[in-house]
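Report on the structure given below.
Here the chain labels run A, B, C, D and E in written order, and each chain numbers its own residues starting at 1.
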Amino acid sequence: DDDLSVLLDFAPWGLHAGVHLAAEKGWFKEQGLNVNVRDGRGSVSTIQLVGVGEADVGMAQLGPMATAREKSGIPLKSIAGWVRKGDLAAVVDKTAGISTIADLKGKKLALFAASPFLPFLDTFLKAGGLTRDDVNLLYVEPSAMMTTYTSGQADGVLTAGPYGQALAERDRPASLVLAEQAGISYPSYGYFSTESVIEGKEDILRRFLATQTRAFQYIYDGHVDEAVAAIISQRADLKLNPEILKSQIELYRPFFTTPNTEGKPFGWQSEDDWASTIKSMVEAGVLGDGFKPQDFYTNAFIGE
Amino acid sequence: MQPILEVRNVGKVYGSAPSGVEALRSIDLEVRPQEFLSIVGPSGCGKSTLLKCVAGLEAITSGTIRVRGEDISGPPSQMGIVFQRDLLLDWRTILENVLVISEFRGTRTDELEAKAAELLVRFGLGDFQRRYPWELSGGMRQRAAICRAILDNPELLLMDEPFGALDAMTRDDLNLELARLWQETRKTVVFITHGIQEAVFLSDRVAMMARNPGRIVDIFEIDLPRPRTLKMRDSAEFSAIVHRIRERFADIGAISTE
Amino acid sequence: MQPILEVRNVGKVYGSAPSGVEALRSIDLEVRPQEFLSIVGPSGCGKSTLLKCVAGLEAITSGTIRVRGEDISGPPSQMGIVFQRDLLLDWRTILENVLVISEFRGTRTDELEAKAAELLVRFGLGDFQRRYPWELSGGMRQRAAICRAILDNPELLLMDEPFGALDAMTRDDLNLELARLWQETRKTVVFITHGIQEAVFLSDRVAMMARNPGRIVDIFEIDLPRPRTLKMRDSAEFSAIVHRIRERFADIGAISTE
Amino acid sequence: MPKLASSGFVQGAGFLAACVLLWEVAVRLLGVREFLFPAPSTIIMEILNYPGFFARNALYTLLVTLVGFAIALSLGVALAVGIVYSRLLENTLYSLLVALNSIPKVALAPLFVIWLGTEMAPKIAIAVTIAIFAIVVDTVLGLRSVDPETLNMARAARANEWQILRKIRFPSALPSLFAGMKVAISFALVGALVGEFVAGSQGLGHAILLAQGMFDTPRVFASIVILGLMGTILFYLVDALERYMLPWHASHRGARMAM
Amino acid sequence: MPKLASSGFVQGAGFLAACVLLWEVAVRLLGVREFLFPAPSTIIMEILNYPGFFARNALYTLLVTLVGFAIALSLGVALAVGIVYSRLLENTLYSLLVALNSIPKVALAPLFVIWLGTEMAPKIAIAVTIAIFAIVVDTVLGLRSVDPETLNMARAARANEWQILRKIRFPSALPSLFAGMKVAISFALVGALVGEFVAGSQGLGHAILLAQGMFDTPRVFASIVILGLMGTILFYLVDALERYMLPWHASHRGARMAM
């Protein structure tokens, strides 16, 4: 069998369903693949480790990957975009009547200092006619972020929206104010590799991604429960909470397509989306000038 | 006259059977106010132990100890003590070491400091007031410890071989100094020594201890006139007493008895 | 005969000017092999300092010290030393303490252990072999330290007031023991004491030191016959020598000179 | 002050029980939200429901802790000896150690993974780096605090430095070394945990991360409680070893004396 | 072994320079990816380019460290005294402290934030909880190691416990306390940093997180280097204070003696 190592972004959560379901169903075997899936310690660390060759494929937020490509000089490239619509959002109380950015005025918002949201914050607030002085920012550790919100210390959390929403559901149901409202286009979770892996393992990657497109298609075709079961079975013994996993998968459903990818298979990325992403990122100062969309992604592995 | 110190049937065992050491057995002793009592006895017979018990520093296993008519529970007031080791505090200069007890008593004043400095001069440590203990010779350290014990003019003075580390001359000087001090202030002194001459020279009575177990075997009255002079030591009377005590000492035997 | 130990014009200053203490000034001394030399002198005159210099433990400020004809650089071999403080190791039993030096020398054997046990018995510590130092009286600790120094039969034995903490009887016993040891093994001994009688009894020569600065003022030859007995101490000859040394001691003065 | 070990144990246990009770009552009465700070009963139930899970992870963490501690101890003592004997080492390695100790290990996470992988090695490395510091500092103090006259005694017998080290300096440094070990065993546990945060898929640290990701506060606290217990037990084991090995030291003599 | 402070400094600096050079050469020759482990020259440039930024954040972290250290010192010494004098406190508070020290503070992040907010308080609290342990353990050892006969000397003079504590136990515990302080100052810095990871918007910890989010490795390492320097300087300040305050202690006497 052909070996492939995959480094996920974090401890198991809903979007890991792709790899775990494929493993569970034996699809890797079918493709003659021997896939080694490891959990990660955050997008940043996963991007760094894939960048230096510690794993062939990483799963992380693709925005930071783009930043990393510029900063490191290592040609990182996305090979599949799952959450193609930007998911950065303010997670706020469902009952607080906050629906626009302007409504955030005077609110206490928790965020993580290394969060990709931070560079976009000014653009985000400006769209609601606000500045940083109009809100109260609490920088906290990721593990404390949702707790500050659910315990009422903060009115909202700036994070990957559906991810946070799913966690908050039980204790303080939330709704989202998406960064998209401010015209921010920032792609979320996807798979990426270095160009050398892409060239060297082209065929293996193609077979691997075939299983993944198929997996997500299968999941959203009404097999969410099966996906949850697959995660739990692959990470047996971790006492994962099926409800949270399930709502994470379900809440991410609408983020799997953008207007530009309508009708395309899961994983396929649009040049226009990336072009506006680059624009947003340059504006936010997290990317320099002179990048083309093709620098950051390839659809070579995703069938039309 | 009521004794200032009464030791009744005191026993002391260190540790517990079977490995315990019986350091003292049925000690009986009375010390009258203003008396100078010496204790002599072979090494390891329990002299230091007895002194520590009297000072309220070691719990006794049996018997009672009274100071000024009261059972002791801890160190009695108005007591000064010179230990066998000098026990100077490393982090204090000699002068500060001498003054530490007055700090405990809350009696430290500029006056007392001057007195301490003066005392140090009398004990030949004038130039060493601002030195640290480890810069002094063994005998000098011991002298500093004596100054510390007597600075505050205690009513009851317990001394455990205070002159052990001193040469004969210095010792003579300090013997005289101590005799004079006693003559002037009439303290009660319990004085452990291994010098029989010294004991006779200084004391009203000399108690002799034997060991295994530690006990008092004899008490000698020293009827020599006061104040005493160094010359007296050459007198026949003096020699006779010393000789008598030595004989007795030889009876109880030193090392060989063990 | 070549001296085993030569001290030539040795000076020692602790610390540096202006607060330095001149502990020794131009000391000249020769010790012949198998000689028993005592050093007497007032407290603080530099006896311990001189011994430490000879032992190669303190750097000298000027002059030279030779042992067996060679300039010393550190402690010479075949030397035993008894310090003024007992310096027993808290974590070792008495027997183990006595054996520690043989461990350094790599000479520890079952035989030597038996010899150590026997030595302890001779020094009245037979019952205390397995005790820890803090369970012993002051004199017992000092005796243990002596056992430690002599167990390995050193050729050159340096002793700093080894009997300071002992009663007269024990002291006499140990004086005899030491004289016998010397007679048997003919070690070279440098012996610091504050007992003039003791010095005369034991020695071939007695060096007298004075202080401020520490220096040798006189050396007395002791022509008494060997082996010596305790009875000799009562002889007129003995008393005369002791008397002469005492006089000289009185000349240089003890405390009052300061 | 006679101190009976058994009465001490009773007191300790009583205090613990009182704390737990107070906590339970506080949570119930004040209505503290369980997702923030669960009641002891919840935590105990959590442990009882998954004994195998906690046992397995605790054992893993314990293993890392003990290996890390053992390495920190041997390396730390060796380093301390070097520092005491060599001014060069003192000026170089000691300073480097001090600097390293001030660096947050979490910030170096990717380096640890790359250099040491994701298995036990990086965790042990972190445990060692955190634990070694107290050992070195306390051992250096102990080795240096020997009475100079006692050193003279040994030198006079021409003991070589190695003998002096073994027979004089080291035994007299033991009380200090044990103080260092008590601090170190506790920090070795923290280090093992930090290591598990940085990488890997086993141990209580990993369990805490996962539980946090799943918002499973009872499990987070169950792990924390187990950690606290482990730390306490390890500490008192070192303490017991000290009492056993150093009966001669002033701080323990009381136990063998009448007063 | 005469030890000259100046030669020590030269050695230390030389060693540091050698390390930096080696690192630079290694990075350039071995082609270590700068992205993970930048060359010293890159780091130095980073610091020189943003001196104000680093100074501001370092000062903030320093402030937290010093306040945390001061609290840990006073609280720790007070606790140690309590533990030495009260068997009850030893069985209760000491064990609690041991247990608390075994818990990774990061795992309690949510509680810190909720109870203490996101300003300076939680950071100081974390610095204190991490630093206090070594102080308590070492001070307890020091207070207990007093020569029993010296205690007798004071008792015979009817010194009360408070006087014995101040004039006997405490001075003789100082060398041990200083060893504890050296460990503690280093851990106070780590604690301040962990605190900044947990919450807050200032300090080198925050700077590291921000830079990590932006893949700005030079900045991460610049912060780490500054932390290492700060830790070293703080440590040697405590060391200097010790030499100044304890000239009488055996470990420092050498400096004043001929040999």
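Definition applied: contacts are C-beta pairs under 8 Å (C-beta built on N, C-alpha and C of every residue); 3 or more make two chains touch, one makes a residue touch a chain.
Nothing here was measured: the structure is a model prediction, and the numbers come from that model.
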item: Most remote chain, CA-based centroid, reference being chain C; value: A
item: Cα superposition of chain B on its sequence copy chain C - rotation in ° rounded to nearest 5; value: 180
item: Cα-centroid distance, chain D relative to chain E, in whole angstrom; value: 17
item: Gap in Å, rounded to a whole number, between the CA centres of chain E and chain A; value: 39
item: Geometric centre distance via CA averages, chain B-chain A, whole Å; value: 86
item: Chain C and chain E: spacing of chain centres that average the CA atoms, whole Å; value: 49
item: Junction residues of chain E - those touching two or more other chains; value: 36, 106-107, 110, 114, 147-148, 197, 212, 249, 253
item: Residue numbers of chain B (touch at least two other chains); value: 14-15, 85, 134
item: Multi-partner residues of chain A (each touching 2 or more other chains); value: 48, 52, 143, 147, 151
item: Interfacial residue positions of chain C with respect to chain D in the complex; value: 52, 55-57, 74-75, 77, 79-81, 83, 85, 87, 89-91, 100-101, 103-105, 132, 134
item: Footprint of chain D on chain A - complex, ascending; value: 10-13, 38-39, 41, 45, 48-49, 52, 54, 143, 146-147, 150-151, 167, 170-171, 237-241, 244
item: Complex interface listing, chain E residues touching chain D; value: 1, 3, 7-9, 11-12, 15-16, 19, 36-37, 87-88, 90-92, 95-96, 98-104, 106-108, 110-111, 114, 133-134, 137-138, 140-141, 144-148, 175-176, 178-179, 182-183, 186-187, 189-190, 193-194, 197, 205, 208, 212, 220, 223-224, 227-232, 234-236, 249-251, 253
item: Chain E contact footprint on chain A (complex, rising order); value: 44, 47-48, 51-52, 64, 67-68, 71-74, 112-116, 118-119, 137-141, 143-144, 147-148, 151, 153, 286
item: Chain E residues within the chain A interface of the complex; value: 33-36, 106-107, 109-110, 112-114, 118, 197-201, 206, 209-210, 212-217
